[in-house]
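One chain, subunit A, links the two complexes that follow: it is found with subunit B in the first and with subunit C in the second.
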Partner chain A sequence: MTEPASEQVLRVDAYPTHEVGGYRVRAGKPFPFGANVVPGGVSFSVFSDQATSMTLVLYKRGEPEPTAELEFPQEFRTGSVFAMTVFGLDHENIEYGYRADGPYDPVTGHRFDARQVLSDPYARLIAGRDVWGVEPDRSRGYQYRSRVCLQDFDWGDDTPLGIPAEDLVVYETHVRGFTRHPSSRVTAPGTFAGLREKIPYLKELGVNCIELLPVFEFDESDNPRSNPETGEKLFDYWGYNTVSFFAPKAGYAATGRYGMQGDEFRTLIKDLHAAGIEVILDVVFNHTAEGNEQGPTISFKGLDNATYYMLTPEGYYFNFSGTGNTVNCNHPVVRNYVLDCLRHWVADYHVDGFRFDLAAILGRDLDGTPLHNPPLLELLAYDPVLRHTKLIAEAWDAGGLYEVGNFPAYGRWAEWNGKYRDTVRSFLKGDPGITGDLATRIAGSPDLYSSRGTSASVNFLTAHDGFSLADLVSYNDKHNEANGEGNNDGGNDNASWNCGVEGPTDDPGVNALRTRQMKNAMAILLTSQGVPMLLSGDEVARTQQGNNNTYCQDNELSWFDWDLVDENSELLRFTREMIAFRKHHRELRSTAHPTGQLRDSLGLPDISWHGERAWQPDWSPESRLLAVARCGTGDDDVVYVAMNSHWEAHDLELPALPGGRSWHLFADTGAEAPHDIRTPGGELELENAGKYLIGPRSVVILVGRTPDAEF
Partner chain B sequence: MPLSVSLSIEGDTTVIELAGELDAKTAPDFHQTIEKAAGHGTSTVEIRMAGVGYMASAGLRSLVFAQQKVADHVTIKVVGAIEPVSRTIRTAGLDRSIVLSDD
Partner chain C sequence: MTLNVKERRNKTGTVLVATGEINSETSGSLLQTLLPLVREGKPLRIDLTAVTYVSSAGLRTLLVVYREAQHAGVAVTLYGVSEEVRFVMSATGFLDFFSAGEAEAAAVKAAAKATAQARAAR
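Let's turn to the complex of A and B:
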């Protein structure tokens, strides 16, 4: 509807002032950066500190050669920002890039090359890799093409769920891998739309947060290797090699070929929220896909190399990421870039939080020195737009900086707790001398996070990086031959145990033990204080056939095989009930570390430790049995978890309960299904109230409550 | 290819028939017709798209625009869209609020 003339505002800036290359233009607004639709045209704004001139290169969508090249008039430059509004563009059907001219002098950090067309670091959409796995035409000069995007998605009444961190159950997954397997039977396998079809599965499982491996545009075809045995091309499957930080990966969208990947991703997030599930993105700000001196020039390298990358005094790239280059995160311009990027994903995609890959790098100074008070981390912690999002650090980097427990948190940052993973794995396989450290880990790692609370600890046993849970109990050694690196890639320190046979076996005893070990892992993880994170597929024993580094495997090694949902329904049921149990017991999710102090109402401490004898934990090096009882605020129940990694059974003396309570059995991983676990509230009262026989390598969970307590 | 847009009323249904390409250039014509249709007060707005061979994201935005323009109780039906067009609508999530039918 046209507004009445009296209400129309005449905007002078809707009219051109100049003509460049046959296009009507005027000076643009420096902010916001990127390409933004304005009345009558598109405003392009790009930063370069040292460029002597800048040219906007326009293409008709899909055409190999430019239709126009518009050099920014000098008067369109404000500070180091080039900004120009171009009128009369069909923003849906153009692609654009920049040519930046300036000094080529690597010793001083400058690598300008006006022959290169560069992607816009702020591009909201990228064309050129619209369909996953389609081999690109490498003869084209400009591979990753910036596109204009309207931000007019109808979010309806979608609002942030604001789930308290301590209540999260995180599920780490991969957009493509989750539904690419033919058994997924979704209409658009391997896409955002496909994942959306599986929301009912996630809801039924009980997770309330999914953490997605990178979804920013990357180039899956940039891996030059092939499988040495089959000759098949290997991919950059995981996507930790970002090409464009503001653009969702088009190849993850069924509508990518229409340029609708943004709306498809937003639709997924909107529906996940409607199902009570938050979305955390795994983001990679430590390096980019441009690599080192030998790598391609895509964007930053040609626009302002010396600003965006950490460089040695000789002009080479520092490599704290292990991938060739390191983003100069604490440069003031780059700090703002990272902030703008995260704000974009929160404001325009309603993302609930971020997990930062190799986040220790974000705390390094311009020359790589670790900072005491890193301005970027502080900036993100206090930013108004990011204020209620989850910020999770992978608190180490490839340059040897290991900050688990010491990551600058500003009251906001949580961490992947690598020590939790290592300790619980070691306990599960039966290593001696672990029970003391195990107690610290399952109590929320107070040694690491005493001032930050338990929710600073993201507890996990498996993640994309490393063995899957099924492989953790099936392999002593990694088997990465398919990666074409002579089995030299991937971690060697896995703390895994194959239960007696390396790899698959028909031995029913070994398989039963493996299933029990997986249940033990789930039981410990989901009764530990801190935020549990599950690796997608572990709930149905997904295997990677011993490969602990499937970054390049776009095939059944990585994909979620949905037939396992039926085949391993026993483990799935166990996991589902464990998640439900966690949700029903607030004492497992307390944000405060337990102190061992008595609780007035029950006369029991908030946490107590036990061994074969009640109240007498065995901390000796040979001990492989530990029991913990929790009695917290908000619930009148007592939760008792006994963990036995010994190969022999033990008689447990159970602590006496006050107030007419008695022990009820919730789970015993040593029991045959379906008696291994019960539905929360349906626990079975023990006949022999004072004792319980825990089997070899088993976990037992009891609830102390009154027999007639309503659940 | 230009877009042809026609508007008619069949009982309690306002019918919009489209043919051609629905993109950024042609979407404004569609928008004007949607506004007229919204003013008719029928309980259903039926958008016949069998003649649309290509729909850009501007077309999807037009459908979102239609949702916003009509009253809450009005049903929007998209009828006869060819497979690539209907798939685009589905994967963008609009099938939850717009009825997609073959005929």
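Let's turn to the complex of A and C:
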């Protein structure tokens, strides 16, 4: 029998040495930062380089006024770290913050204001926005309250799945939007617990990684705008304005009102892992919710403005993020902060990777200059705790830095491949002069990632930021009026095509074409080399009614409508089978870029290009037809994908196959469902072995295998 | 809010009936009551019918007791978990650790329902 939990080892530091404000205290340990439960009390540690004094402000949970203010004795300061252990605290029922005193001189970067109570940058729980959408009491002096939490979750035998990057099928989704719609029929709509109930859906779809839009605590009520058409309040729905980087968003938890969001989120991750699904977090280190000179003071601004933000020589905020401020990511202290934060999510939440919003900013120097060898990116690439996590950069920023293909990778970093998106979209709508670039993109963009391999390229056609797939084929222009910005927000360059009618229509021809275009998109995305990423809901044609920037829309424009699972089961089935097909064909997931070299065993090259005539691709500007054949090593099948964005049908001459193989039909988006796609392994052998008629704006996928090959 | 506990012993083990809230203030003494019962080595049933709220610290206390019991080879079951407490335990994953107790609770509930139906049919 083990020792019972109540019998603790005696420790010298379990006893107080001082008394401050009626509380028994002793010097705390500078590391780790934050509030940590220690024998007999809680150790608080906070950094400020220029503060002249620091005060710990304690509240009883939910009370408007502090119960105690404890100034750190001078001898509790080590370097620029203030650390104090306070004994006898009920860690579950306190909220805390800091008052930092020091110079207020914006020209030199300092904005100390001891009247403000500041959140702890390392707070692992935040109270104040406990339930989504509840209008906060803004008269309270301290809005986002740091809380203490135990890190004792029982993970059982949960271990990282370690899915090779090239085998991932990423599904980008939003915690609230995924189950908030009434049609989700989950116990707790819009929460981690709700998402957990939908794990069977994800598993059946076949994705093995979900990428969650920001889950760090943010304030959904910090958007002052209203919908000009309806007068309804608009939200900060996406959540890219982070309030606290170590705390999961309480409003995303059914148990947030009890402060149990950490356990709820961990339980979700644990169950996703059990279902074979990894979790990537979309993280935002380029800016914070504190905004510019007019923005609120929440934490960094009052603790150490000059350290945490990039400032102009006049003390104003640089704005490479487009949102007012820019985090000073390559300051040595901030680098460590980012590292600590990511380690926390990996070690204490078992997160499998991160997608970095506007990651080009992470490569800028303290004055904004792009660095050749950015220390933060290198640090993250080699960190022992993060060593096997996925690191994905959105390799551009709002300051004009565009690093797709050039992001400093250190053998680790992958990128959202914006060029893949743009090229395939253009091809789909039928633009001329695209086939050459299309070939490069679907082969894993060797022009961008020659030394990094195909898995450096995260291929996507749609993401939260932009049109959904259904809208991409239904609108020529964005329709963002509901955002209250006069339709001036959101991207204008969408490479979209409405198939003849702007918006919804009853025209069966137009609707059939739209469905076909969505299937074409899925077929190309899921047969391209690189890591495919799907936008949640695209598999069932989720619409945002032409809004390509729903950052503020907490309503049916953004939510996943689960009725579409039945209504658009044809597209869902197509997507599901395409994902399954990808899983069954290693040659689509090769990490090495194809070279065109012959595979000895088959007499076919690893990749070959074809047009109407076999072995004769048409790279002319007028060409809208391209076929690619991929051949693996050994006894693998041959996969042939013909893509026709022309409005005319074309006769395809199929390349001859070696070794008794014959062509079998897996998918033809031009065919009526259920003949549009088959189950992998159940492909139908072609009667006319050498030819196939590809319809207008269609994708055809064939498998070259022996008729009796075992699947 | 306080927590009252009463022990009831019978041939098959011990039933501990709790009334009130299990939170950081009350969980310490609950733990001190439960650990000796676990060490007795007899099956232990914790009746939560009259427990209105279990906080994060309270859930941890129950899990610690459960872990201690696992090490000691003692069966611990929860009984009478209210809908709200059950929901919180489910959403935070704690319920998964108490599967045996839940099965028993479900069986008891089903038996009670069957009894009620039998009475109604009379």
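We adopt the following convention: the second predicted complex is superposed on the first by the 699 of 711 C-alpha atoms of A that agree within 3 Å, B and C clash if a C-alpha of one lies under 4 Å from a C-alpha of the other, contacts with A are read in each partner's own complex, and residues count from 1 in each chain.
The rule is simple: a residue touches a chain if its C-beta (ideal position, glycine included) is under 8 Å from a C-beta of that chain, and two chains touch if they have at least 3 such contacts.
All values derive from a computational prediction rather than experimental measurement.
Once the two complexes are laid over each other on the shared chain, residue contacts for A:K301 go to neither subunit B nor subunit C. When both complexes are overlaid on chain A, the residue A:R180 reaches neither subunit B nor subunit C. Once chain A of one complex is fitted onto chain A of the other, the partner contacts of A:R582 are absent, as it touches neither subunit B nor subunit C. In the superposition on chain A, A:R129 contacts neither subunit B nor subunit C. Annotation: subunit A residues 1, 90-93, 150, 152, 154, 187-188, 191, 193, 253-255, 258-260, 263-264, 267, 270 touch subunit B in one complex and subunit C in the other.
Subunit C meets subunit A in the complex at residues 23-25, 31-32, 35, 39, 55-57, 59-60, 63-64, 68, 71-72, 87-88, 90-94, 97.
Across the complex, subunit A meets subunit B through its residues 1, 90-93, 150, 152, 154, 187-188, 191, 193, 196, 253-255, 258-260, 263-264, 267-268, 270-271. The part of subunit A that touches subunit C in the complex is made up of residues 1-2, 4-6, 90-93, 149-150, 152-154, 187-188, 191-193, 253-255, 258-260, 263-264, 266-267, 270.
Put simply, subunit B touches subunit A in their complex at residues 23-25, 35, 55-58, 60-61, 64, 67-68, 87-88, 90-93.
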